[in-house]
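Each of the next two complexes has chain A plus one more chain, namely chain B in the first and chain C in the second.
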Partner chain A sequence: MKKSLKRLISAISIASVLLFWYLITDGLHLFSSYLFPSPVAVFKAFVNKLTVTVPDGGTLFTHLVASLQVALYGYFLGIVIGVPLGILMAWHRKVDLIVKPIFDLIRPIPPVGWIPLMILWVGIGQSAKAMVIFVSAVTPCIVNSYTGIKQTSQVHLWVAQTFGATRRQMLFDVAIPSALPMIFSGLKVSLGASWMALVAAEMLASTKGLGYMIQMNRMVGRADNIIVGMLMIGVVGAILSAILGLVEDRFVKGRHV
Partner chain B sequence: MSSRSISIAGSRTEVVLYAVAALAGFFIVWQLLVMYTAVGMVMPSPIEVVEAMVASCADPIGSKTLPMHILFSLRRVLIGYLLAVLIGIPVGILMGCFQVGEAIIKPVFEIFRPIPGLAWIPLAILWFGIGEESKYFIICVSAAVSIILNTYEGAKSVDPTLVGAARMLGANDFQVFVFVTIPSSVPHIFAGLQVGLSSSWMAVIAAEMIRSSEGTGWIITTGMDSGNTVQILIGMVSIGFIGLILASLLRGLEKKLCTWRIQGR
Partner chain C sequence: MSKEMIVCKGISKSFPGANGSTLEVLKDISLSINENEFVVVLGPGQCGKTTLINLIAGLEMPTSGNVTVAGNPITKPNPDIGVVYQKTALFPWLSVQSNVGFGPMMKGMKKDERKKIVQHYIDLVGLTGFEKSYPIKLSGGMRQRVGIARAYCNNPSVLLMDEPFGHLDAQTRYLMQEEVVRIWEADKKTILFVTNNVEEAVYLADRIIVLSNCPTHIVTEFDVTLPRPRDYVSRDFLSLRKTVNDSLERTR
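Our next item is the complex of A and B:
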């Protein structure tokens, strides 16, 4: 099939979904507009939300900034702790033997499950959310860095050793570079997980942020604002992972996993 | 092998010994911290948690015992997840095997994909009310994305040599589809099922935390509301435990169904 034809079908597909959405809402009024607003109403709500703070106490922009701040804070904390810990676990056998059982014990608890404990410990402020995001970001970072280092080709290490590399050089010049693609895919998984944990944490206890915005609008029955919030969460999530993809292209040379 | 190499397969007994020591150390430190420091103010000791867990199998938390709460959560996951499987695999195959299907579905799917499943909770509650349906919906949406994605990738990555060989031996389109495309995408589908299961387990907890009157998610939020850390930890431990069991059940099923693949690994 030709690429242009495929594009055409895709465009028609999206257009017909929008048209169908418009037809069942504003066109035929099958659903009440407060439950299922039309695309036009959602667009109006979007424009409106850029300046108006009712009913959730903030414009779209303030919510977005609040969410981004917490998410990135928790995420970077997760990277800064998770990646070195994963590398350490894979490189030093004793650390592996001791830390891994404890890590495996805690790992199956989904990050969302930590929310109540974190709120009880540090309150409903930004730091509780940052901690929850940290928990969700740190796991994939550890797992992927660990696996990445463990998968270092033994032959490469032998070669380095033969040429007289110290153990430190073997780690920084052989093992880490060859683990980078794996580490980066961990960073990507982490990013998705943090963004999701953020939404959950904000829905449960918060006073601003995109998750708070959609939750508040549910309470007042404004589906148009909920959909604006959801689309915003989706778009920002996609943009963040695209940025990470660009960083990866810059730093990771050679093979991709 | 040199003592410098990374992956020395240590003797099994050593691994077990260290694991036992590490875990024992972890619990002892926790217990001591609770007993002798300020940590005791905000954390129950592991012994308390275990005692309370055993007790809650007979004495109800809220209106139900712990096993009943777990069963409630599991039922929700099962229904929502099965729905996601029934929708996700066919959609993924439609997208992966047929170019027209890909051209039609993919752009729409790409719009929904980045929205986390949990972000659907408010809309689901508005649409289906606070009852069971909204939970099924949230679980289904959370699981469906990864199932669709992996099935799609599996169907896309069929080895063209295999398809060519089948064609040369006289297989028609239908036979290629049933005997080549589907079996070779099974490992990918299972990867999707695995990820989908853990996200649906997470989704049920989030959904129960936000609105419900029973289930493991409910246990931890009510624990939070009443400042009862023992109850929160009971919830967290059962959530982790059940999640682990679900994942290993699915892995067992995969081993049964894809023997050929595991042997080839």
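Our next item is the complex of A and C:
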């Protein structure tokens, strides 16, 4: 299918949701405009929130920046530790034997389950959130890098060996490039998980950020601001994964026709 | 008398099988291949052809017996022995030229130095113009050309080919058989070529070694003296093909 046609279909689908939303709110007045504001009201709240700090102590932009900072910080920490650890576990039997049991035990704990402990240790704030995001990000990075390396084809390793490759060359020139698509899919899952954990963490343990903003507006009954916050979370999440997609296209070659 | 390149002396290979048993795959195989000879090993499916290749390549060790190449005992893989594999063993993440240049890269050869020999072998296998393509865009026949160029580019004295044309369609297969003879005549190497296809064996070989089913041993050998380029439907070709085929039939 042509790219322009795909874009057109996406645009039509988003436009029809907006139209439907408008119809059941401002059009037919099926709900109280206080509980379910129309798209027009939400847009007004959005413009308003760009400059006004009431009732949550910050403009939309300050909340967004706070969220992005902490999300990217925790996410990159998760990558920097998770990817090499996953690769190492898959490549060295000993590392695998030592790390695997600890990892298997910690893995089932949902990232939000760490929040109470983090609050106790570092208080409500950016570090507590960053730790929670790190925990959400690191797991998919480890799992996917590990699986990717383990799936390296035996024939590829044979070929490298017959060319006299050292074990180091086999890791860096064969196993890692062959695992790259898998590693990238881990990065994508991690990104989604980080962004979701962020919102959860901000609702429980924070003084700023998009999650905090929607939580505060619930307390004062501002559905319009809540929806602005939610849409912001959705749009920024989509933009982040699109950027990651571009990075992937740059690095992963020869896998799609 | 010409120099012996590959010598296998009484090699056997067993693998640990299910519930403690051992699976004997190769049994007491002795063979000797001369320098620049083109030898085809003909054997039925699952009889241990890949295992034999891996033993000579030094990727696995025989349970008993020993292998020497150019007089040196084989204990580990050696860049002097090139291998072309059955299925596409190309690296999908590398372009054609990077795949072909993989061996020299492992040796640490510089990029601009590499470029010249890489181009030479890409031209030799007839892939000029596809240097920057990725394997996924190539047809099965073209991928095997890349595999051959990659093995040649390392300039090994021995080339082991494990059913390289097994999964190609008949038309492409004939074409590739002609090509492999052309390439071998242009750049002589000692070749051990494994196949389960009698016609392919008769077309390619100076000598055919026939293997039996598991545990695999050598049944018989044929010298092929037909002049090249061979004609698939000449009377001599067909009668030799029948003789070889009959010897194979008895081993089933």
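Convention: the second predicted complex is superposed on the first by the 233 of 257 C-alpha atoms of A that agree within 3 Å, B and C clash if a C-alpha of one lies under 4 Å from a C-alpha of the other, contacts with A are read in each partner's own complex, and residues count from 1 in each chain.
In the analysis below, a contact is a pair of C-beta atoms (placed from the backbone, for glycine too) under 8 Å apart; a residue touches a chain by one contact, two chains touch by 3 or more.
Only a predicted model underlies this, so the values are computations on that prediction, with no experimental measurement involved.
Novice: Counting touched residues of chain A, say whether chain B or chain C comes out ahead.
Specialist: B
Novice: Looking at the overlay, does A:Y146 come into contact with chain B only (first), chain C only (second), both, or neither?
Specialist: Neither partner.
Novice: Answer with first, second, both or neither: which of chain B and chain C does A:Y75 touch in the superposed model?
Specialist: A:Y75 sits against neither chain B nor chain C.
Novice: In the superposed arrangement, does A:F134 touch chain B (first), chain C (second), both or neither?
Specialist: After superposition on chain A, A:F134 lies in contact with neither partner.
Novice: Identify the partner contact of A:Q161: answer first if only chain B is touched, second if only chain C is, both if each is, neither if none is.
Specialist: both
Novice: Considering only the touch criterion stated at the top, classify A:L204 as touching first (chain B), second (chain C), both, or neither.
Specialist: Touch status of A:L204: first partner only.
Novice: Where does A:G237 make contact in the superposed view: on chain B (first), on chain C (second), on both, or on neither?
Specialist: The first partner, chain B, only.
Novice: Thinking of the overlay built on chain A, is A:F184 touched by chain B (first), by chain C (second), by both, or by neither?
Specialist: The answer is neither, since A:F184 touches no partner chain.
Novice: Just to be sure I follow: which residues of chain A are touched by chain B in one complex and then by chain C in the other one?
Specialist: After superposing on chain A, chain A residues 158, 161 contact both chain B and chain C.
Novice: Name, in rising order, each residue of chain C that touches chain A in their complex.
Specialist: 54, 57-59, 77-79, 81-83, 85, 87, 89, 91-95, 102-103, 105-107, 134-137, 150, 154
Novice: Okay, in this complex, where on chain B does chain A touch?
Specialist: Per the stated touch rule, the residues are 2, 4-8, 10, 14-15, 18-19, 21-23, 26, 42, 99-100, 102-108, 111-123, 125-127, 198, 201-202, 205-206, 209-210, 217, 220-221, 223-224, 227, 229, 232-233, 235-237, 239-241, 243-244, 247.
Novice: Any idea which chain A residues touch chain B in the complex?
Specialist: Going by the criterion above, the answer is residues 1, 5-7, 9-11, 13-14, 17, 35-36, 90-91, 93, 97-102, 105-117, 119-121, 149-150, 152, 154, 157-158, 161, 167, 170, 175, 192, 195-196, 199-200, 203-204, 211, 214-215, 217-218, 221, 223, 226-227, 229-231, 233-235, 237-238, 241.
Novice: Which bits of chain A are touching chain C when the two form their complex?
Specialist: So the residues of chain A touching chain C come out as 153, 155-156, 158-165, 169, 173-174, 177-178, 180, 252-257.
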